[in-house]
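You will see subunit A twice below: alongside subunit B first, and alongside subunit C after that.
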Partner chain A sequence: MNSKKWDKVATGVLYFIAGIMILILAFLLIYILVNGLPHVSWHFLTSSAKSFQSGGGIGVQLFNSFYLLFLAMLISVPLSIGAGIYLSEYARKNWLTSLIRSSIDILSSLPSIVVGLFGFLVFSIQAGLGFSILSGALALTVFNLPLLTRNVEESLNTISESQREAGLALGLSKWETVLRVVIPEALPGIVTGMILGAGRVFGEAAALIYTAGQSAPPLDFANWNPFYIASPLNPLRPAETLAVHIWKINSEGIMPDASQVSAGASAVLIIAVLLFNFGARYISARVYRRMTGGQ
Partner chain B sequence: MKNYTADDKYIKALDPNKHELAIYTDDLHVSYGSSEAIHGVSLAFERFKITALIGASGSGKSTYLRSLNRMNDNIDGTKVTGKIMYRGLDINGPGINVYEMRKHIGMVFQRPNPFSKSIYDNITFAPKRNGLKDKNKLDELVETTLKQAALWNQVKDDLHQSALALSGGQQQRLCIARAIAMKPDILLLDEPASALDPISTSTVEDTLLALKDDYTIIIVTHNMQQAARISDYTAFFHLGNALEFDETSNVFTNPKIQATEDYVSGRFG
Partner chain C sequence: MHDQIKESLLKKSRATRSERRGKLISLFCTAIIILVVVSIFYFVASKGLATFFSNKVNVWDFLSKTVWNPGSTDSHGNPQAGAFPMIIGSFAVTLLSAIIATPFAIATAIFMTEISPTKGYKILQPVTELLVGIPSVVYGFIGLSVVVPFVRHTFGGTGFGILAGTFVLFVMILPTVTSMSVDALRAVPRYYREASLALGATRWQTIYKVVLRSATPGLATAVIFGMSRAFGEALAVQMVIGNAALLPHNLVSPASTLTSVLTMGMGNTVMGSVSNNALWSLALLLLLMSLIFNLIINRIAKKGEL
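Then we have the complex of A and B:
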C-alpha cells in the first residue's frame, strides 16, 4: 500500500476512535438526563429529603453542595494562586523546587477516598471539627489544591519570557511585572482551570463521605446567623452534598422512590457539572477579550 | 575559520572633554555559570549619538548590550565584573536600585513584545505605574511618543484597539514608543529590525535617526548596511571581545584591524 492509502486508513481509525469517545459521552448524558429529568421539578429542587416516605427532594443537598464548593474555593483559590506564582516566577531550579513539584504531583494523584479518610482523621477527629462543612471544605482543599496550583503555574508558564522582559525593561519591579503583565495575560487560563476545578469539586463524593458527613439535617432558611445550628451558613453542621446523597441512596436508601430520587439528583448533578464546563469556556473567552483590549 | 587574536585591537578613545559620554564600561566581564561570554570590554558611548554593535552570532554583542541595563540579572548564574559607569555611578554597585536605573536606560528587544493590552495602555502602562495620572498628560504622551515612533498617523483613530492586531513593524515601533514614554537617557536596541520586512526596517531606521536628538542610542545589528546607514560609531565584536571601535565611516572604509576588514567586506570565517 502506498503512503496516501495509509494516510486515509490512519485518518479513518482516528475518526473512529474519536467517534467512540463522543458516543460514550452522548450515551451517558442521554441516559442520565432521560431517566432523571422527568423527576426534576421545582418541588424536587427545593424540598428536603425524606428517609422513609416518597416525595423527598434534594433542596438541602443542593444548597450544601454549593456552600461547600464556595468555602473550598475560598480556601484553595488564594493558596493555589500564591503557590503557582511562586513556582512559576520565583522558585529557582534546585532540589527544593523539584521536591515541591513532585509533592504536588503525588498529592494530585491520591485517590479521593484516601483524601477523605485523611480528612476524617485529621480534620474531623484530631482537630475536633467532626462531620462538618468545614472538615469537608478542608478535605476538598487537599483534593483540589495540587491541581489548581499546577494549573496556575502552567498558565503562567505559557506567557512568553519576552513579556516579563518588556515589563522589567520599563523599570517595573519584578512583582509589578508579575502582577500587572503576566497574571492578566494568564488570567483566561487560570480562570478556566478554577472553574473546571470547581466542577470536579462539585461532583466529588468520596472525599466528603467521612468529612462533611452523610446526613443533611433540615435547614432553617429564615435564620442566616452562622452560629445557629440549623442556619444554612453554619460551617460546623454536617452537610450531605448532592453527590454523597446519590451514593447514599444507592447503597442504603430505603425510601420507596429511591431510584427516582437518585436519577433526578444525578441529572441535576450532571447539568451543574456541564454548566461549569461551558461557563469556563464562555468566561475565559470574555476575560481574554477584556484583558487584551480587543472588542 | 581564521583565528583572530584579541591582542590585535583598536579601540578609539573618546576624550571626555570633547565628547560628552552617556555611559561607558571598563574591563567588563560577563559569565553565565562557568563559561565567560564577555572577556573584558571597555567601550565609551557618546551622548546623542548612535553606536552600532556588530559582529557574528555568538560574538557577545547582545550579552554586552543586555548587561548595560542589567537584563542579564534575570538569568540564573550570571556574573558580572568590571565597571559600567553611568552618571558617575557603577550600575552594578551595591546602592543601585536596578528598577530605577532601568527607567533611565530603556531597552527594545529583537522580537516585538507589546503587552496584550490596547495601544494606548501599552504606552501609558509604565508611566502610570510611575505616578503619572493626569489624563491630558497621558493623552499627550501617547501622541508625542507615537509621533516620534512614526506610528501616530496609522493608529490615531484606533488607540484602544489591541496592540496585538498591529503588524510586526508597527508593533516594534509601538515598543519603541513605549520605551521612550519613560523618557530614558539611553535607549538600547537588540536587533530591533531583524524580524521585520525591508519597508518596516527602513521606517524603524528613520525613527531612530529622528530620536538621536534626544536619546543616546546603542543598537546591536546583524545588518552591516544598517549600521553604516544610521550609526555614528561602530564597535566590532568577536568571540566576546570588542576588537575595533571607531567612527562608523572609519570602520567601514578604513578598518584598522584585519578581523574587522574581513567581517565588513564579507570575507569572514
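Then we have the complex of A and C:
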C-alpha cells in the first residue's frame, strides 16, 4: 500500500511541476503581449527612435534587425551547408575529424559576449570595419555557424544509405549524389534548422553591441544606393538592432518612456520569434509533403 | 577517331572533376570554421594574457584580490585588477540557478517521457521550444520590470543582485535543461522499464530506481550544459545584477559577474590600456570556463558509453 501511495504522490507532484512550466511560458507571453501590444502601432513600427523625448519608434532598428539577419544568413548558410556535407559525407573516422567536431562543439558553447568581443577586436578594429552592419553580420555568422553546421550534418545523416547507393549506381559522382539526391531529401530538416537559427540570430544582442554598434543613425529610405552613408543598404554604417535597442534603453535610462518602448519592442521581438518558430514547422511540413509527393 | 576514344578514357571524367571540386568546397567551409575557432583562442588569449605579461599583474592576485579598479595602482605600483568579486558573482548565479532549475527540469522531463508521453509531450514540447527561443534581452527586460521589484518587496534591498540574477537565469536555462533531459530519458531502453514493472514495481519505483539511475550521465550532461549557458549569459544578467564590482554581502546587494563587467566596461576603456587588458583577461577566463564545461560534458559522455 505504501509504495502505491508514493506512486500517487509522485505522479501528483510531477503533474504540478509540468503545470508550472506551462504557467511560466503563459505568464511570459501574456505579460509581454499585454504590456507591449498597446504601444505597438504603425507609427511605432516605422518612426525612428528618440533619445531624450518620449514618443520614439523602432523603425530603423526593425529594419536593421532584418537586414543584419539577411546578411548573416547569406554568409552562414552556404558555409554551414559545405561544412555539414564534409562532416557527414567525406570525413573519415580519424583524429582530425574528431578534432573538427570538438572545435565545433567548443564554438557552439562559447558565450555570445565572447564571440561579440572577438568580432569587435578582429572585424571592427583590426579589419577596420568599425561599428558596422558587416562586422555585426560576421560576428553573427561565427555565433550561428556551429549550430547550423551540426543541423545540416544531422539532417544529412538521417538519409538512408541506400539513397546514396542508388545515386552512385546511376553513375553520379559522390558530390553529385549529395547535391541531387541527398540534399533534396534532407531539405525539410535543413530548412527547419535554418529558420530556427534565424530566430536565434534575430534576438541576439550580446554579440552585436560591440560589432554592429549601439547607435542607429536615421536612414534615408529614398536612397537605396549601398555606398551612400545614410542608405538603408549601406553595409558599413553602424546599426543598432531591436534586441540591442531594448538592452540599451534599459541600461542607460535616459529615455523617459523607456519601459513603454521596451515593452513594445519586446512584444515585436517575441512575435517575430514566434513567427520564425511556427514558420519553421509549417515550411518543413510543406517541403516534406512536396518532396515526398504525399498528401 | 581512335585518339578520341583513347583521350576520353585517359582524361579525368566530368564527374571526377566535379567530385574533386565538391570535396574541396566542403573542405574549405570546414577549414573556415576551424580557422575561426583557432583565431578566437589566439586573439582573446593574446589580449587577455597581456595583463599578466606586459602589465605585470600577478595571476593569483587577479583571481583572489577583491578590488577591481585596473586603471589605478595599489601601494606596490601594480594595477588593482582583482577579479574575485566577479568570479564569485558568476559562480553564485550559475550554481544557484542550476540548483533551482535541475529538479524542475528533470521533473518536467519525467512527466513528458514517463507519465504522459503522448498528450503531455505534445503540449510541453512546443512550450520548451518557445521558451528556448525567447531572446535574452526580453528575459532581462522582464527581470527588470517583474523580478527586481518582486525581490525588492519580498527580500528587501534594492532588488538588484544575485537573487534577481538567479531567478532570471533559472527561467532561461530551464527549457534547455528540460529538453536535454527528455533526450536522456528517452534513450533509456524500453525493456528496462518493462523488466522493472514486471517485477511488480510501481511506476514511481521504476522511474526512481531504474530510469533515473540509467539516465544519470545524460541528466548530468544536461545540467552542466545549462550551467555553461548560465555562466556565459551576459545581457539578461547584466540588466538585473546591479553592476557593482564589489564582493556581495548577501543575495540582494548589487553584485557583478564576469559577463556584466565585460558588457559594461569594454566600451568605456581604450584599447591597449591596463583597464582594457584586464577586461580581456576576464574574457579569457570566460573562454577557459566554457572550455572546462565542455571537457566535463565530454568526460561524462565517455563514461556513459561504457
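Keep this in mind: the second predicted complex is superposed on the first by the 276 of 295 C-alpha atoms of A that agree within 3 Å, B and C clash if a C-alpha of one lies under 4 Å from a C-alpha of the other, contacts with A are read in each partner's own complex, and residues count from 1 in each chain.
Keep in mind that, in the parts below, contacts are C-beta pairs under 8 Å (C-beta built on N, C-alpha and C of every residue); 3 or more make two chains touch, one makes a residue touch a chain.
Everything numeric in this text was worked out from a predicted model, so none of it was measured.
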item: Touched partner set for A:E185, first subunit B, second subunit C, both or neither; value: first
item: Partner chain(s) touched by A:M291 [first = subunit B, second = subunit C, both, neither]; value: first
item: First, second, both or neither for A:G171, with subunit B first and subunit C second; value: both
item: Which superposed partner A:W6 touches (first subunit B, second subunit C, both, neither); value: second
item: Subunit B versus subunit C as contact partner of A:S160, first or second or both or neither; value: first
item: Touched partner set for A:G203, first subunit B, second subunit C, both or neither; value: second
item: Which of subunit B and subunit C A:Y90 touches, first, second, both or neither; value: second
item: Larger contact residue set on subunit A - subunit B or subunit C; value: C
item: Residues on subunit A lying within both footprints (that of subunit B and that of subunit C); value: 171-173, 176
item: Subunit C - residues contacting subunit A, complex; value: 15-16, 18-19, 21-23, 25-30, 32-34, 36-40, 43-44, 47, 103-104, 107-108, 110-112, 115-116, 120, 123-124, 127-131, 133-138, 140-142, 144-146, 171, 174, 178, 201-205, 207-208, 225, 228, 231-235, 238-239, 259, 262-264, 266-267, 271, 280, 283, 286-287, 290-291, 293-294, 298
item: Sites on subunit A touched by subunit B in the complex; value: 92-93, 160, 162-173, 176, 180-181, 184-185, 291-295
item: Touching residues (chain side subunit A, partner subunit C) in the complex; value: 3-4, 6-7, 10-11, 13-15, 17-18, 20-22, 24-25, 28-29, 31-32, 35, 78-83, 85-87, 89-90, 100, 102-107, 109-115, 117-118, 120-122, 125, 142, 145-146, 149, 171-176, 178-179, 196, 199-200, 202-206, 209-210, 214, 243-244, 246-247, 250-251, 259, 262-263, 266, 269-270, 273-274, 276-277
item: Contacting residues of subunit B [partner subunit A, same complex]; value: 69, 71, 74, 76, 99-103, 106-109, 111, 113-118, 121, 125-126, 129-130, 160-165, 175, 178-179, 182
